[in-house]
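Residue numbering begins at 1 within each chain, and the chains themselves are lettered A, B, C and D in the order written.
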Amino acid sequence: MTTTQSTATPTTQKLGIATAIAVSFLVLSGLIFSAEDVVQGSTVRMMYVHVPSIWVAYLAFGLTALCSAVYVSNRSRSLIWDRFAGASAEIGVLFVAISLVTGSLWGRLTWGTFWVWDARLTSTAFLFITYIGYLAVRRLGGTFTQRARRSAIMALLAVLEIPLVHFSVNLWRTLHQKASIADPNAKVQLDGFMLFTLFWGLVSFSMLFAWLLIHRQRLMALEDAVQDQGLDRAIQERRTEAGR
Amino acid sequence: MTSRMQTVRRVSLAVVRKDLRIEWSSKVLLNQVAPFSLVIMIMFAFALDNEGILQRVAPGLVWLATLFSMLVIVQRSFAVETADGALDALRVAGTEPLGIFIGKSLALMVQLLALELMLLAIALVLYAVEPTAMGYAETFATMLIATIGLGFVGTLYGGLGAGARGRETLLPLLLLPAVAPVLIGATRATEAAFGSGGAQSSEGWPWIGLLAVFAGVFGAVGALAFGPMIEE
Amino acid sequence: MDLTPRPVTDAESRAQNRRRRWAPMIIVALALVAGGVVVSQFLTSAIDYYCNVDEVGVRDGCVGQRRIRVQGIVVENSLKQTNGVTEFSLVFQDKTLRVQYQGDPGGVFQECIPVVAHGRVVDGVFDSDRIEVKHTNQYVEKNKTRFEATKETAACSQLPG
Amino acid sequence: METVVELSGVVAVLSNFPALAGIDLVVHRGEIVLLHGPNGAGKTSVLRVCAGLLPIERGEGSVMGVNLRTHRESVREQVGLLGHSNGLYLELTVTQNVSFWASTVGATEQEVALAMQRMKIDGRLAHVKASQLSAGQRRRCALASLIVRRASLWLLDEPHAGLDTAGQDELDAILQSAVSSGATVVLASHETQRSRLLATRVVKVDGGLISGSES
């Protein structure tokens, strides 16, 4: 291994540059090019971060569950699935937090309150706490396989909350508005350029997620490898104990 | 298949008898947990000493006190297993983690139920709540079904951290969000049963349905996952 | 004392052990379906954040002297502010409710938008101490001169479900 | 001869420390194998690997034909392990403890009574709480719980520690009769005088490896 090794490869570098460009354009589009809302005024711009954030969180937790399921059902029990699950959940927690913060700021300006206990907000808060617990379980110690087994079970349980969070606005009356794009009536509720900006937000945040995920996963693999390398050395050391 | 079921039955019976015997002889529930929950109820009574408020929030307080006490009982339930390496011996002896799971869950349920009955009595006296006959039936149904769910989820998460460092602080973080549906469901069902804040008793039964679903999910997940959870 | 190794439960049952256990998985699936039904069919009125104006005094959980939350659209030209008291009417499905609020709601509160008022019904008037603006899922560009721009004002006569 | 334990190049890890650094060990049916070596040599870990408690990180291992890498849970039914800790519930009496462990394996009341009699914890001691016993009495209680298991493979960690001479003699007799009834014994000890007399083979463990063998 060389000392200059990093978690980047030419592909991820290209992805990183593309992500940077996409996010920059989102900033311009969201803050300058797009118009104010007729009721909310400029606070509508919060949506271009809020919605993509929770989208990335759903994506991340879904991926966590998927990787955990593969880990559990796969005979080989390859730890790469566990690392992807863990990396994905970390990013997901970050983006739920972003979504909660932007949402409550928007709520203060529009609803007149930072927080209400309606079905959507309450279930999102549960989701957030559950995955913080998931990350805590990953740090519980023990062997890699023990970590993988415990956290996989938790991930498969926790992902059940996502449909509840997403459909809470359709199942119940909430202060939170219903989905504007993924509306069951299939009628888009946004004016043209707003819709484009939101869509661009989803794309660029997804790219950001992919970029973060690849790097975080590689970092975790390296951490595990360091421990494994340590194991080789430790085995050698352990064997020499016998001579003494 | 039958012989496996027999093993499960045998192990779970042995474990539940053992756990209850330990409780019977150490009286931790009676001497420590029950006074602890009593203190919670009284402290709330001090803090919320305002006409009407106590009656309105009484159902929530009963369940909050139950959940906090449950943390202590679960902690204790696995501390006796790890104190002298019994969990290792149990893993070697039982061969059937399902039996351990069922046994420990049942023991936890019995203890929780005893505690809840005490808390209910306190709430009736301290907070001046007066349920109807129908309300009592609804309250007991809520307690029974909520307790089954709590027993399963408590055992599952208790086993998850058993023997690991820092589990004392981890258990509340994991368990409290997981039991949030029970807190909400049981509180709303009890509110309906008590008639708090103008609620009608018919409003409680759907919540009891939710509690039953919770119990079913965690019972089945525990049956699948408890074995892997307590492994090294 | 007999110390011969105890015969193990037959090999068949141990093989069973190794095979995937389906029964708990089926129970989980069934419980989840049951959960979906309970949550979506029976618990709606209990989890709903508000009652609509037309349900006040009618629907379970919206009746009596208890504290409730009511949703409706602020009627055009009904808004009056005197001595720090804000008065307006809420309408939903042709039913109206007069609301009294101590203070100024502020923010984006205005006529012809849906709001949620917290409080109790006292002598047919809703005595509110908290008002939240319920934003719809429609986003309309401000400087557009399309017909959608009039949608919000049109909301006064043409109520969204 | 039937092979009961077969470990080859087994590495087992305790929180990043390689307790076993590639151990090779074969034990045949009817043997009494003594593992001896200094503190921290890895004796306990060998026993825990054989009991299916400690996972194998590298190498291959099997006990009674069960692959320890893939199905280590399945061997447990047939092994009895006496570890450093006794695995007793301190709030329960001696009888309750032994009966509990008996009921997990389906042993009869009669077997419980006999085992307690053999270990001399019947009579007055039977109704004393485990927390009030001396270290030796607790060891006897743990041994009685082990005897009722009637395991195929007995794994004992310092079984003589804390026992008086009479208790040690009793234990040796029990182990010998178990072996003659078809069981196999692996015991770990660094106090070897007594164990050497009992053992049919002595294996030296050091630095997580087998460092020598004598018959």
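Definition applied: a contact is a pair of C-beta atoms (placed from the backbone, for glycine too) under 8 Å apart; a residue touches a chain by one contact, two chains touch by 3 or more.
Keep in mind the model is a prediction, meaning the values are calculated, not measured.
Q: Name the two chains that are joined by the greatest number of C-beta pairs in contact.
A: A-C
Q: Taking the mean of each chain's Cα atoms, which chain ends up nearest the overall Cα mean?
A: Located nearest the centre of all protein C-alpha atoms is chain B.
Q: Taking each chain's centre as the mean of its CA atoms, how far is chain A from chain D in angstrom?
A: 48
Q: How many angstrom lie between the CA centroids of chain A and chain C, rounded to a whole number?
A: Each chain reduced to its C-alpha mean, chain A and chain C end up 27 Å apart.
Q: Distance-wise, how many Å sit between the C-alpha centres of chain A and chain B, to the nearest whole number?
A: Taking the mean C-alpha position of each chain, the two centres sit 33 Å apart.
Q: By the touch rule stated above, which residues of chain D touch at least two different other chains?
A: Residues 55, 73-74, 77, 105-106, 149 of chain D touch two or more partner chains.
Q: Where in chain B do residues touch at least two different other chains?
A: In chain B, 7, 221, 231-232 touch at least two other chains.
Q: Give the residues of chain A that touch two or more other chains, as numbers and ranges in rising order.
A: If we look for residues of chain A contacting two or more partner chains, we find 141-143.
Q: Draw the chains as dots and join the ones that touch; what shape do you get: line, ring, star, complete or other?
A: It is complete, because no pair of chains fails to touch.
Q: Spell out the part of chain C that touches chain B in their complex, as residue ranges.
A: Contacts found on chain C: 9-10, 13, 16-17, 21, 24-25, 27-28, 30-32, 34-35, 38-39, 42-43, 45-46, 60-61, 63-67.
Q: Quick one: in the complex, what on chain B touches chain C?
A: Those residues of chain B that touch chain C are 1, 3-4, 7, 188, 197-200, 202-203, 205-207, 209-210, 212-214, 216-217, 219-221, 223-224.
Q: Would you pull the chain C residues touching chain D in the complex into a rising list?
A: 1-6, 8-9, 14, 17-18
Q: So in the complex, the part of chain D that touches chain A is made up of which residues?
A: Interface residues on the chain D side: 11, 13, 15-18, 21-22, 55, 57, 206-209, 211.
Q: In the complex formed with chain A, which residues of chain B make contact?
A: 160-161, 164-167, 170, 173-174, 177-178, 180, 221, 225, 228-229, 231-232
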